[in-house]
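Input: structures, listed below.
Look for chain A in each of the two complexes below; its partner is chain B in the first and chain C in the second.
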Partner chain A sequence: MNILDIGDLSVDFPTSKGVVHAVTGVSLSVPKGRRIGFVGESGSGKTTTALAAMRMLTPPGFVSRGGIHFNSPERINLLELDGESMRRVRLRRISYIPQGAMNSLNPVMRVERQIWDGIVAHEGPADREELRRRSDAALEGVGLDPAAVAHLHPHELSGGMKQRVCIAIGVCLRPDLIIADEPTSALDVITQRHVMRTLREAQGGIGAGLILIGHDMGLMAQSVDDIAVLKKGELVEFGPTRRIIKSPRHPYTRELISSVPLVGGGRFPASAPAKPAAAPRRESGPPLLEFQSVSKSYGGATALRPMSFRLDGEAPRIISVVGQSGSGKTTMGSLMLGFARPTTGRVLFEGGSVPGRSSGERLEFRKRAQAIFQDPYACFNPFYRVDHTLRFPFERFGLSGGPEDTARAMDEACRAVGLAPEAVLGRYPHQLSGGQRQRLIVARALMLSPRLLIADEPVSMVDASLRATILDSIHDLKESHGISIFYITHDLATASHVSDYVMVLHKGHVVEAGPPDAVIGDPRHAYTRLLIDSIPWPDPDREWGSEVDARAALEEIEIQPETVHRGSIPGFELRQG
Partner chain B sequence: MTGRESSAPETSAPDADGDSARRVRRMRRFDNPWRNPKLIWGAGLLLGIVALGILGRLFWDADLVFTGAGTPRQAPAGFENLRGQAGSWSHPFGTDVSGKDILALLIVGAPNTLYVGVLASLIGMGVGIFLGFSAGFIGGRLDDAIRVGSDVMITIPPLLILVVAQASFGDIGLTAMAVLIAGFAWQSPTRLIRAQALSMRESGYVLMARLSGASTGHIMFREMLPNLVPYLFGSFIANVTTSIVTAVGLEVLGLGPQRVPTLGRVIYDAINSGALIQNLWWWWGIPTVLLAAMFIGLLLINLGLDEVSNPRLRRL
Partner chain C sequence: MGRVPLSYLANRLATLVLTVFIAATLIWIIPRLSPIDPADVMFGRMAAGGGSIENSEAILRGLRERFGLDQPLIVQYLLYLRNTFTLDFGISTAGFPTPVATLVANALPWTVGLMLFSLVVTFFIGNLLGALMAWERTPRLWRIAIPAAMVFTSIPPILSGLLLMYGFSTQLGLFPLTGAYGLNVEPGWTMDFVRSVLHHGFLPAMSIVVVTFGFWALGMRGLMITVQGEDYAVLARAKGLRPRYILYRYMIRNAILPQITAFALKIGLLVAGQVLVERIFAYNGMGKLLYDAILDQDFPVIQGVSFVIILMTALAVFLVDLAYPFIDPRIRHGGAGA
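This part shows the complex of A and B:
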């Protein structure tokens, strides 16, 4: 029996520039107890379709055509319900698990009260004992200990726990359909695996249908029964997961699948692998970047334990720093850029301390050490045209020989990263896509031709299909321009593809380091193994690790705190302490 | 949204008629945010008052503000006073007990009142921008000092200090009064801008500017300030309103400039000379209406600016 029938659904957003057809003619059905994945990039209409079923479209969006029928207890058209009847359907019949659990829980209410809220709103007042019994059952159902968690406020929970509380709220009334909108997008892979398993168990336990919205084909392959691929508001392919993954018919589906970087899938810039014995490009002098027993703590919390390394920089290298949120990898980046001062030890750039003492030294340091940040939306000042971001540092560092020279340099840099200068220059940041903006930031780094580049999660906020191109551009910075790069990421797969050396960080401590083939191809440390096992791959046959393995691995991490050295590369040296 | 907008032409054929098209036409009216009815009405009211000051001096004799310019206690044209004397067009808004022409008082007084408010607010905003940015962006000890300073100043009731200051300085000019009021107009802009600067300091483009070797001044005034312009404008207008309220309050207490006509001064004279008992309603009533128009104009501009800088407030 189908629990939800979406028939020829179209959703329009009237804007002052014309009607935007967010969803066009989408028809599909969700059978009871089956898991359906909605996959697509940002703007593909996957969330809009789900919100239409909840009647929660943001104005001015509205359903312009089609119907959404819900078959429990009897067949009703959701679009024709009045406000009060729709309220009864929400949570009771269809529950919605939102994207950012950190923002969707009420910060001033205890966890159990937030579960009671939904029960009371649908079933009327009940006595406290009864409510507590049900909220405890709901929390147990998502693997949380009610005695420990029920009385806490949301800020006392971790991100994964908050997301599981959201799932508990979503399933406590045993709805017939659960809509989960990217429930794990803000979580690291280990927590992601845990939350996804919780969600699947909770959904299987009550026999509800599930719509899982996401952009990651790998996650879909491991989580759902059917996949619906949406592109620009249209349903381009729909079928069982195995069929879609093994033999995708639509080119867009193929593109989505191939954009998931595979661990051990070979180095992906098609160019030849880095020549290890490249001729020294400069006289040997002080090392490019050196950490001398650097550690950093904020108040009582240690973000980075003492570590030392030395990057010669004679031949350019890409060093990857991999870790989950809270591992200290971003702290490492801001120490390198001089945005944070080390608590102990010294950070040296070409023999001088970072960021330099006098303003002249600081300017010289900035000229030679540049960065690419995670969020391409925030990196441009919305007040200025994008040219400002490229032109200002170029002129500030005295690299320009006049306005024409600057213009020529900007054109060249744009072409080098695969952008047509006339299509991007002279426009405002909001007129460009995320991918274009991030490539412009790479172009900016290229124009300044620094010696060292810190790339902090440069592709994590970019659509999957563009990641490869941007990583390619970054890789090209090293190959053709001789720039050494620190690539900071949570994504082991891309790290294995681009880098010469990988450091895996766990709680401010390097647990495993060495060339990527050794570290990621054949991990020795339990934490590295756990990370790799937790990555979702687009392979429906793969066993996505089990709970028992994860527990065992976490225990092993506790007893094995030493760094596992897996070989070294010339020009980079890592030491303990 | 950008992605969706750009994808629109590639999806199904647009339906030219029907619900969507009608909604689009409704949205088009708000295409240019500056054509906001509130903003236009508010600006119109204020410009009308400025025009009264400029045109009035051209077409009316400003010397009529002096004592004995006409017969005392004349009603406005078309009305009669208590003695049954009809008003004449030689003094369309009537005269006060000493024969001053009310229209001339308004022509000279209204721009003076506006001038005090705008000048006090300009000084207050200038100080507030400078201190707020310094506190928010540079931080540390400087932040502590500025924050504590402005917090302490906020708790002091301005009217109390101003009454004492005015009383001890005696007769002061319009500019001196504006400067005194500005001493109480910089605290809230300082706090507001400090909060904005604090959140903006961590934003991506400020980090980018630091990476580009930008100086502190450049980051504060070239990167951060332009993004605050609509916000500063709104804050400025709100500040003008409070400054005028303070100024009029002082003038009505008789503590304003003694030799220069202002709207508050006219009301003070009216109250002092028993205008209410003698039923000389035009003496205090017309300046009050003009003040009300001024405040409504400022309020409308503020609401309009809010809608311009925050599209979510626009009605769809």
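This part shows the complex of A and C:
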């Protein structure tokens, strides 16, 4: 029996520049108990379709054609329900697990109360004992300990725990259909695997249908029964997961599958290791960046244990720092950029301490060491055209020889990252796509001709197909502009493609380090193996492993704290302590 | 709940004392930058009242000694500090020989009553209206009426006071024109007196509410729009919660947080902003006391009133600092937020 029938659905957004057809003529059905994946890039209409079923389209969006029928307990057209009846359908019949796990819970309400209010809204007032019994059961169902978690406020939970609470809310009334909108997009691979496992078990336990929205074909292959591929609001391909992955018919599906970076696959920056000669050689001098027994603690918590390395910078290198959230990788980036001061040890940039003692030294350091961050939208001031973000540092650092010179430099930088200047310059940040924004941030850094670039998760918020392009741009900075790069990420697959050297961080400690072929191609440390096993691959035959395995693996890691050295590369040296 | 560690309490207390100390010092310095000699002023007033005066030199000297103006500045300052922190602000020069502390003690309850009442009412009405401006389920009539009511916000309080007096007192005769209580009642905790006070206080309070609720409403509207876009507001809808529950527990509950800080800061400002309102309603509060003191160049009273205003603001901020973690669980005592 089908739980949900979407028939010829179209959603329009009237805007001042004409009507945007967000969804056009989509028809598909979700059978009871089956898992359907909606796959596509941002703007493909996958979330809009799901929100239409929840009757929660953001104004001015509306359903212009078609129907959405829900078959439990009897067949009803969701689009014809009045507000109060639709409210009763939400959560009880169709539950929605939102994308932003970080902010989806009310920050001023205890976790259990956020489960209770959903129960009360649909089943009427109940006494506290009964509510507590139900919320405890719901939390246990998603692998959380009610005694430890129920009384906490959301900010006291980790990202993975928050997402589990959202799943607990979503399943506590045993709905017939669960819609999960990119439930793991903000999580690292290990947590992603745990959360997906939890979601599948919870969904299987109550026999509900599941719509999983995402852009990652690897994740889909490991998680759903059927895949619906959407492109620009149209359903381009629909079928069983195995068939879609093994023999995709539509070229867009093939593109989505091939854009998943594979561990051990070909290095996708096409230019790869071919032309080291192109890199301008730097004069020898003090090392570009050096950590001397640097450690960092916040209060009593150790974020980074003593670490020493030296990057010569004579020939540019890309060094990847890989780890989960909480591994200390972002702390490392902050130390390199002088945003945090080391608790012990020294950070040296070109022989001088970071960020420099005098204001002149600091300014020079800021020019020569640039950063790219995770969220390309937050890096722009929304009130200025993007030109301002590019022009301001260029002029501020005294690199400009006049307005024309600035304009020329901006054009060049845009071209260098594969953007047409006329298409992006003069526009406001909200008018650009995430990929365009992130490439502009790379261009901005490039304009200052830095020697060192710290890229902290530069591609985790953009679509898979754009990742390759942006990583290409970053790789090109090294090859053509001689910039050394620290690539900070939780994604081993992309790290293996771009980097010359990989450091795997776990709880503030380097557990394994060496060239990517050794570390990622043939991991020796249990934690590295766990990271690699957790990456979802577009292969329906692969067993993603159970949560129990993952827990056991994590315990094994505690036994083996020594760094496993897997060889070295010229120009970079990692030392113990 | 053990949420307030001693070190935090000590830290906030130290900040409180330091703020009050710096403010007290400024209050002492600023009048001394003026060329006016208070003894001269007082003497002038006496002369104006009683014609020519014998021994004028001796009297002036006596006055300076009485007020300690013959002491070196540093001694004056230290004495001032000691006196101020024991709430002894000296003697009013205009109302000689009434101590300033007595004047302040008489005026303070009136102002605090009027001010807290109008501030609390404004805060409540303003934030509720602001929330309704942003809420998507607000009836259409309200959506038009609330912004229209904002017109009042652009009226200065003195004018709103006069308009209310004209309308409700002169024309309709519903409320008394001026004063804090009727002349026919004896001050004390009697029903008649309390009723008289409420009756007299209504118009002054409304004249403040009418012009200040827009501040809260506009601020709240902006905060509500931000909160509506938050993921938790989206999930609240997806949970099928009742719209009114979402409005109160998810939206207003979160949007109100910055407004509470503003509330504490407003406490000090309101005494100052109330000066003219108290003046036109002949309401015997701190505002009127300050107004009269400025006209009379009565420095001890100006200092005393200013100090009390600052003390109240600092205390309010201190209390909000202590209360905030209970209102917003993300704020922990001891510095860094979540």
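Throughout what follows, the second predicted complex is superposed on the first by the 520 of 577 C-alpha atoms of A that agree within 3 Å, B and C clash if a C-alpha of one lies under 4 Å from a C-alpha of the other, contacts with A are read in each partner's own complex, and residues count from 1 in each chain.
Criterion: a residue touches a chain if its C-beta (ideal position, glycine included) is under 8 Å from a C-beta of that chain, and two chains touch if they have at least 3 such contacts.
Remember, it's a predicted structure, so these values are computed and weren't measured experimentally.
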item	value
Partner chain(s) touched by A:M54 [first = chain B, second = chain C, both, neither]	second
First (chain B), second (chain C), both or neither touched by A:I169	second
Which partner reaches more residues of chain A (counting touched residues only), chain B or chain C	B
First, second, both or neither for A:K232, with chain B first and chain C second	first
Touching partner for A:R90 - first (chain B), second (chain C), both, neither	second
Which of chain B and chain C A:P107 touches, first, second, both or neither	second
A:T198 touches, of chain B and chain C: first, second, both or neither?	neither
A:T24 touches, of chain B and chain C: first, second, both or neither?	first
Touching partner for A:C379 - first (chain B), second (chain C), both, neither	first
Common interface positions of chain A, toward chain B and toward chain C	none
List of chain B residues in touch with chain A within their complex	2-8, 10-12, 14-15, 18-21, 23-24, 26-28, 30-31, 203-205, 207-214, 223, 226-227, 316
In the complex with chain C, residue positions of chain A that touch it	54, 56, 87-92, 95-96, 98-100, 102-109, 117-118, 121-122, 153, 155-156, 166, 169
Chain A residues within the chain B interface of the complex	10, 12-22, 24-25, 41-43, 59-60, 62, 64, 232-234, 337, 339, 362-363, 366-367, 370-371, 373, 375, 377-384, 389, 392-393, 396-397, 430-433
Complex contact set, residues of chain C against chain A	230-232, 234-243, 245, 249-250, 253-254, 257, 327-330, 338
